[in-house]
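The letters A, B, C, D, E and F name the chains in turn, as written, and every chain counts its residues from 1.
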Amino acid sequence: TQRYNNEIYKTANMPGVAVGLAWTYVGGDILFIETALSDGGKGELKLTGNLGNVMKESATTALSYLQSNAKKYNIEPETFNKKNIHIHIPEGATPKDGPSAGITMLTSLASAFTGRKVKSYLAMTGEITLRGQVLPVGGIKEKVLAAKRAGIREIIMCYLNEKDVNEIDAEFIKGVHFHYVKTMQHVLEIALT
Amino acid sequence: TQRYNNEIYKTANMPGVAVGLAWTYVGGDILFIETALSDGGKGELKLTGNLGNVMKESATTALSYLQSNAKKYNIEPETFNKKNIHIHIPEGATPKDGPSAGITMLTSLASAFTGRKVKSYLAMTGEITLRGQVLPVGGIKEKVLAAKRAGIREIIMCYLNEKDVNEIDAEFIKGVHFHYVKTMQHVLEIALT
Amino acid sequence: TQRYNNEIYKTANMPGVAVGLAWTYVGGDILFIETALSDGGKGELKLTGNLGNVMKESATTALSYLQSNAKKYNIEPETFNKKNIHIHIPEGATPKDGPSAGITMLTSLASAFTGRKVKSYLAMTGEITLRGQVLPVGGIKEKVLAAKRAGIREIIMCYLNEKDVNEIDAEFIKGVHFHYVKTMQHVLEIALT
Amino acid sequence: TQRYNNEIYKTANMPGVAVGLAWTYVGGDILFIETALSDGGKGELKLTGNLGNVMKESATTALSYLQSNAKKYNIEPETFNKKNIHIHIPEGATPKDGPSAGITMLTSLASAFTGRKVKSYLAMTGEITLRGQVLPVGGIKEKVLAAKRAGIREIIMCYLNEKDVNEIDAEFIKGVHFHYVKTMQHVLEIALT
Amino acid sequence: TQRYNNEIYKTANMPGVAVGLAWTYVGGDILFIETALSDGGKGELKLTGNLGNVMKESATTALSYLQSNAKKYNIEPETFNKKNIHIHIPEGATPKDGPSAGITMLTSLASAFTGRKVKSYLAMTGEITLRGQVLPVGGIKEKVLAAKRAGIREIIMCYLNEKDVNEIDAEFIKGVHFHYVKTMQHVLEIALT
Amino acid sequence: TQRYNNEIYKTANMPGVAVGLAWTYVGGDILFIETALSDGGKGELKLTGNLGNVMKESATTALSYLQSNAKKYNIEPETFNKKNIHIHIPEGATPKDGPSAGITMLTSLASAFTGRKVKSYLAMTGEITLRGQVLPVGGIKEKVLAAKRAGIREIIMCYLNEKDVNEIDAEFIKGVHFHYVKTMQHVLEIALT
């Protein structure tokens, strides 16, 4: 978990990159979720990084939400049919699955489509629904501690996960600010600069 | 099963969302079924939410029924070839299968295509047939009790399931109104506002 | 096997529905086979209802036979390239397989394409060949008794299965009329009204 | 193996039907191979009848041979891109595999494309190559005896299988005439009327 | 291994056929690799003959090499997009895999595309690379002895396999001439007449 | 590991070839990664050489990076939609997987698309990210020793792998120069001539 120090984190501060929190077989970890768009496409979605089916479905759901709400986020609707979309999560040697990267995938996509960078030192975890809600997820304690170790300063999650944060010893997470949200719109208001 | 309290339920009262009843390995539960339509499509149907093959077939059957009966429900037939259709069922960590979400999927689709919201505090369970019938399903007691706990006030099911409801202790389901139906047309008359 | 009483049977007396006989792990049963056509298609065939590969191949074979013999049955040949075709067999919780639904699938397809309803209280069982023959199938006793219990009054099968019917105690099948056939043309002459 | 008596055999004496010899888990048997062509196609090949991968590859190889040698057999080359082609082998309950139906598949295809019927009471067995050769196959004794029982009067096979026929007791195959061939061209000269 | 005697070998001396050497579970053997081209295609590659994935990849690699070097071999580049290509390896009952048929597949393809026959009584074995090299393969002793038994007079292989030939007792391979090569260009200079 | 001596290495000094380092079940090894482009394509990516899914995803990621950064490397963006792209890794008998060939795949692709050869006697190992970073990988000691044995003189890897090189006995790697990098842009500056 100390592989990504702040130095690497800073080298690629560009639109399309968001930080998620995962709970893998080695404990909590942070995940960089990267989205690249390319021209001459037809809205095809490529997903790489050793992702399981549930995680792939999260990406599909995030994309459908963004497409259905394009105008709200000042994205030209036709863009979705003109670009090819590639979402990649590095560290291909580690299998990754589960729905908890959903809101991070949405943030990565929204950042790429709007050209607005994601706020620095921000991470997030939460399942996404097609109608724009953020659902609670598991493994909060391990995820939050991993985020703290990696230098993260703000974390977004579902308001129903607040009780899980309250169970963590306060001195372990000193200096980390938490955002408890209900909707994806709220996530993007916090995350996009 | 207490994850969805009324507060979440109310946050997304929009067309395309219907509430079904499921019987999972943790007992009865309610399922939110979400449909989003997007432009520039060709009638492609995307299904996400960790669904098994039988549940995916239910969605296909519901869509064919709606398409074959488009005029009856005031839907332009060409719409089916111009939109892409995404049906999602949240809580991706839980595998879901079986035919009993069929009528809920139809209701979610019909709501999205007509723009008419589904009645609040209404849930339903039942298999769908291509010619417009509602078939009985199993697990009625567990499903009904879960619906009651979640604040549901009306439930639609096949008239052949009435005997299963009659076996539940009446005080457990006080205040819940039951609609026993034979046809999908009847389901939509009750469900769409 | 008493799930479909006569009442449900009668609620959907429309073109595209035919009754077959199956032999599942719970014994003989009747199967409703439903075909729906929709416009704006390209001859694509959708098959749902938890069908195994052999049963899916039967549907493909039935469709090819009907297409090759379109003129004989007064169907416009171009119709096959303009419609999408969906065959569904309800009761998705039960896996279904084997070739014995072949002639029922043909009848369901022919009924949908011609708009002629299938005769009431008629069931059938038999494998189909591409050149228009009806082949004998197994499980005749169990299938016939299930049909009788469900209120079926006429049954079509291959003439080579007559010996299997003769082994059933006559009083069990009193009032059921049997049609022993060699060809699919004969099946459709009996079945389509 | 007595399922197909002569009566069924004669009911469908039409182009596109050829008789092969198979060696299944119940011993030798005869196989009817049926080809149907339909208009409005794009040269797509459908294969049904519970066929294994090797048998499917035989059909593909037979079709490529016929297409490459279309002129030799007076077939318009463009026909292959205008028709859809369906090869079916009845008795879907029995899995079928192996390369030995290759020359029968070629004969069935050539009969359908030329409109010339296959000679009556003729069967055949042999692997096909893309360059027009007939290769020897196994199970000759069982296949030949099954053909005799079914009323077959002539059998085509590779000349390298002649030694296998010579090992069969002559009185068992009295009245059956054998054609030993090297090439597919020879097969079609014998088989097509 | 004595199935293909010289007589069969000579019956189909046409462009598109090349002889490879394989090492199957019954020992060394020769393989006929056949390529047929057909018009009205779009560069699709069909592979049949019970081939494993590595062998299929060899065919793909051979085709890409030929396409990238079309001009060097006097092939019109557009040909690759106008023809359908079928590579078949007879004896479908035997599963075949591994990279050692690569240069034989290239030779078969090059022969079909140029219309130049492959030299008689010539066999070859070797892995192919995309940049035109021939790599050494295993099982040389068994392959060479099988080729000798089948009447092969010349064999092409990678120069790094020369040491494997030198370990074979000289009297066993009397009369067989060996070509040790580094490049596919060299293979085709020897093989195409 | 002595299969590729310098002689083979030099025979194909052409654009599109790069040398990677792998860690297979027989220890460290070098891998030649070959890219060939062909006309008349539509940006399709073919991958051969017995590659596992994670390695295939690396190739997809490398291609997306190159496409998103086409202008930076003087590649016409439309080229990606006009060419077919084939990446092959020889020695098809050996299964290959893992993310560590990512930067070598990028280099092979960039070389093919720019027409600039890769520097001689250079190898590399490292995971690639979509936003242009080089990530550290495992097995450094075995890979470096295999590179030395094969005559490699320069090796590129992530700066976070420098500590792994420092643990190797200096006399084993005398004469090998190491480049420690953070970005793919740096990799290509070193690798492309």
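Couple of notes before you dig in:
In this section, contacts are C-beta pairs under 8 Å (C-beta built on N, C-alpha and C of every residue); 3 or more make two chains touch, one makes a residue touch a chain.
Just so we're clear, the structure is a prediction, and the values are computed from it rather than from any experiment.
Counting only chains that touch, the fewest steps needed to get from chain B to chain F is 2. The angle of the rotation superposing chain E on chain F, based on CA atoms and rounded to the nearest 5, is 60 degrees.
Where chain A touches chain B, the two copies mostly use different residue numbers: shared numbers make up under half of all numbers in play. Mean C-alpha position of chain A lies 30 Å from that of chain F. If each chain is reduced to the centroid of its CA atoms, chain B and chain D end up 51 Å from each other. Counting partners per residue, chain D has no residue that reaches two or more other chains.
Taken in ring order from chain D, whose neighbour in the chosen direction is chain E, the chains follow as D, E, F, A, B, C. Per the touch definition, chain B reaches chain C in the complex via residues 43, 53-54, 57-58, 60-61, 64-65, 67-68, 77-78, 80-81, 98-99, 102, 127, 129-133, 135-136, 138, 160, 182-183. Within the complex, the chain B residues that touch chain A are 3, 8, 11-12, 14, 16-17, 32, 34-40, 46, 48-50, 86, 88, 90-93.
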